[in-house]
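You will see subunit A twice below: alongside subunit B first, and alongside subunit C after that.
On to the complex of A and B.
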């Protein structure tokens, strides 16, 4: 698609460690269009956060990044230093996992919110202050004007995440990346924050990448989903299809792990047996094969490529033995 | 308000303890009469000696019990009267009046230089932590720490005053500019080990702070490296530096004794050494009091600064 705002094309990240390279992310391709919401789902170590940190230039210097990332057609990794600053400060913004540590404990909320606007846009102090209040109102923070004088420790976790979100919106980003924005919060607050993000995306016509380990979180709030495992995309599809027409056994296993209010009491969730793959071994097989009930020798000897369900379809998966795959697809092509 | 009151009480308590110990030591060590009168004190037989002894006892209240003498001394102290020197009975205040400002200027000069060099250096090193330049800077700072102050003073004096004649060999305080010029080499001798100490501490704390999530957030905001270092990382990293700064105020006094001698600076360092040699207790006591007041005051200030650095620090607990 040509209207892609952010496009990842074969992005790989390797970390050089004393014990040898760690293959954190391997040829990840995905994209998000203006105003669209993309969910990236995977468990710890699936490479979902590293992927986005690579985009944001937040990886340590030991990381070796391969592939290409474009923003509005412009190559992110070859941007000039000045353009880069603007890219991170204005075009894209990121919200992190832990609101308790995302704010500088010794700076007032107002100062932290205003610095980005003043730094990148040269707003006057009063203009920045007015904008900060406006943003806090936007994230439905009660008593916005008074918050500017407060320190982070005077606010609860949920309120701090609202501040972090408001701060990220300071320069009207075209894309907001939220990395597990609710993982560290109380369950009751999680929903509020997720709905807030969803609402902001619609109101501000902003693209949103929502990173989570919980498939339930992205179900009603995204247009499409990429499921990652072992640093690779296992399945990518429009959100509805992920649930209605699941192809990858891993996606299926994740769905079984979502608790549902309508389940009878005492129902046990299906955990996925085994543990995540060792990323220090150069990938040579399907990363999910050791934990997969469908795995065959083929899965253990080569990496399944990402294939589309139909030619030109937005639904793709990387599995030799997909679920629900009627042989019809053979006939179409 | 409670905080200030508490700091003040602490201040009084420490000064009380210091003065009791110092006054006690001075009163019971040696024979003050001998120190005041010299050989005359030993002249048991002579009428002149007895008269002089009685007069000295009277003048210095030597016959009164310790608490009374201590009370009298403290009473005079708070009115700014440090008593009289055993030597020719001049007032201690007049001896120290011109010397205290010189030493204080020297110490402030040394601390300022130390902070102005070490803080940017530590910031620069922490932004390149574990890279080659940082390792070179670490070795450099250890070399600076390893040279004793007296050796530094000799070395700097020889190089910059004698050999290249960049700085004066004699102390001159005709103008403030001349005084600063005269104090530059001594201040450097004191500052160089301090620079290294501060740099080591601040670098380590900065490296820790730079791993914090809020630094990642700041980087994701597209702020520049130095903006992040100055506006986000520095303040939360200043605690160890501040603590050691307070302690160094005391240590510097010891260092200035050595340095003042080497550069023949008429400060309290040179004076107190002479006073100790001639057992002139009122002068020694006065210096002990001044030094401890400065030291304790500096550390109370440091305590107050903690809560300024981090609004979460509360002293009410």
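On to the complex of A and C.
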């Protein structure tokens, strides 16, 4: 797509540790356009959060970053310091998992919300206050004006996450990255927050990246999905195709391992044997091979490239023994 | 009648656990009282798995913990094997607790980081003597049965993954040959690919060791998978209780319906009734505690606590406006 807002091209992240390098993310390529929602799905250690933290410049100095990330055509890693300040917080904003730790417990909601607007936009106190109320209304916070005087501990988890989302929207970001935004919340509140993010994306024509471990969360609320495992993209496709035309054995295994509300009770689950990969070993094979029922010697000796299902198709997978049909074309998308 | 009644308790057979009119309250600042559990009654037959579901703060963990008298209930009775646990002295209660074991949500913080997993698993057996025929060889066998290679028994918890640590806590819980296993969110902290391994393991061990289980989870799909019966709690009270299939196929309490519809991909239509926040258990709403968030609520809901009515052979609902027709079964 030519109108990609954020484009990751072969992004890699390595951490130098006392015990040697850890290969957290290896050649990840994906993109998201304005108004589009991308879901990044993976288990812990899959590299999904590290990928987005690399984009946001939130990684420690021990991280060695390779590849290219462009935002609206501009290289993110070579931005000037001054440009960066505007990039983070104005062009791109991020919402994290635990709303209690993203908010300062000893500052009032209003003061925290106004800080970013006054810094980035030089708004006067009264203008910032009016904008804060407007944003709280936007995230459907009841009694918005009164909230400005409250402290985070006076709000429930769902309310706090609404405040964090409102803050992230303060400077009309073109892209919102939400990292497990509902994992700490009850299912009932989870639905409200996901609906809210979905609505905001449509109303504000914002690009949204939703990072989660739960396929169910992204199923109805994203345009496309990238499934990650061991720091790599296993399968990337329009959301419907990921479920209807699964190619990668990992994507398939993940769907089977999760109990479904429609399954009769006592249904034996189909677990994925073994444990997640050790990222301290330099990747030389398909990361999923040790746990994969389809694995052959080829999978254990070389890394499968990301292959399109058809020339120009948005559906790609990295597997030598995919499910369903054989690939028509080869090449990294 | 103040409470929702005990009519859901089964009269036939003798339940292994019988909880009647359980109330647990905690003192709060300025003379307030947190009404964590208010008049909860249920029973569990030997070999049965009871799933307890509800939002955080609904009292599901407190209810399960009150069964093992941690904390001691404010009022109400808990009988285990026809013995009222409140009537036991400290030493007798200690003995009974060997039958009632727990596993917790965070497997890493549940294990002492400075001790080997062998020490962790065998400590109960050491305290209680060999407890029948427990020997080192049988403990090895137990460790193997949860999927850990006994040659690693001298390692410490940090050398294992989260899923392996949960297997170790399960082995520790089973070392004393318990009758009842209380699982408090046992898979919530685990990755989805590991979650299925642990659920299958619990299922295997349940039949192998003839366990009765209380299974607490906020994940309704997991509860449906493991439970014979389900107890749906809201703000310290029971909303709906009964056979798992009956409740999941025909949710009748508006709260149960709202809860099920919130599950991503559940396919259950939602009337948006569950808007707003969970009220504070410090000052719960009068009448039916759900009336502040219920779209069917009327005057009577604000004044009168609903009693259980029967909606199926084993399906009980406490609601003034149930979404189904009551049945009378004689």
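Simple rule for what comes next: the second predicted complex is superposed on the first by the 321 of 333 C-alpha atoms of A that agree within 3 Å, B and C clash if a C-alpha of one lies under 4 Å from a C-alpha of the other, contacts with A are read in each partner's own complex, and residues count from 1 in each chain.
By our rule, contacts are C-beta pairs under 8 Å (C-beta built on N, C-alpha and C of every residue); 3 or more make two chains touch, one makes a residue touch a chain.
Quantities reported herein were computed from a predicted structural model and do not represent experimental measurements.
Colleague: For the combined arrangement obtained by superposing on subunit A, do subunit B and subunit C clash, or do they fit?
Modeller: fit
Colleague: Quick one: classify A:77 as touching subunit B (first), subunit C (second), both or neither.
Modeller: A:77 contacts neither subunit B nor subunit C.
Colleague: Considering only touches as defined above, state whether A:320 meets subunit B (first), subunit C (second), both or neither.
Modeller: neither
Colleague: Would you check which partner chain A:253 touches, where first means subunit B only, second means subunit C only, and both and neither mean what they say?
Modeller: A:253 contacts subunit C only, not subunit B.
Colleague: Would you mind checking which one, subunit B or subunit C, touches more residues on subunit A?
Modeller: Partner touching more subunit A residues in the overlay: C.
Colleague: Could you give the angle made at the Cα centre of subunit A by the lines to the Cα centres of subunit B and subunit C, to the nearest 10°?
Modeller: Superposed on A, the angle at subunit A reads 80 degrees.
Colleague: Give one of first, second, both or neither to describe whether A:220 is in contact with subunit B, with subunit C, with both, or with none.
Modeller: Only subunit C is touched by A:220; subunit B is not.
Colleague: According to the stated criteria, A:268 is in contact with first (subunit B), second (subunit C), both, or neither; which is it?
Modeller: The answer is second: A:268 touches subunit C but not subunit B.
Colleague: Can A:89 be said to touch subunit B (first), subunit C (second), both, or neither?
Modeller: first
Colleague: Between subunit B and subunit C, report the minimum C-alpha distance in the superposition, expressed in whole angstrom.
Modeller: 7
Colleague: So subunit A touches subunit B in one structure and subunit C in the other; where do those two contact lists coincide?
Modeller: In subunit A, nothing is touched by subunit B and also by subunit C.
Colleague: So in the complex, the part of subunit A that touches subunit B is made up of which residues?
Modeller: It comes out as residues 56-58, 84-90, 93-94, 96, 98, 101-107, 115-116, 119-120, 151, 153, 164, 167.
Colleague: Can you name the residues of subunit B that touch subunit A in the complex?
Modeller: 212-214, 216-224, 227, 231-232, 235-236, 309-312
Colleague: Spell out the residues on subunit C that touch subunit A in their complex, using ranges where they run on.
Modeller: Subunit C reaches subunit A through residues 55-56, 161, 163-164, 191-197, 199-200, 203, 218, 220-222, 224-228, 244-245, 248, 258-260, 262-267, 270, 274-275, 277-278.
Colleague: Can you name the residues of subunit A that touch subunit C in the complex?
Modeller: It is residues 43-44, 156-159, 186-192, 194, 213-214, 216-217, 219-220, 253-254, 257-273, 275-276, 291 of subunit A that touch subunit C.
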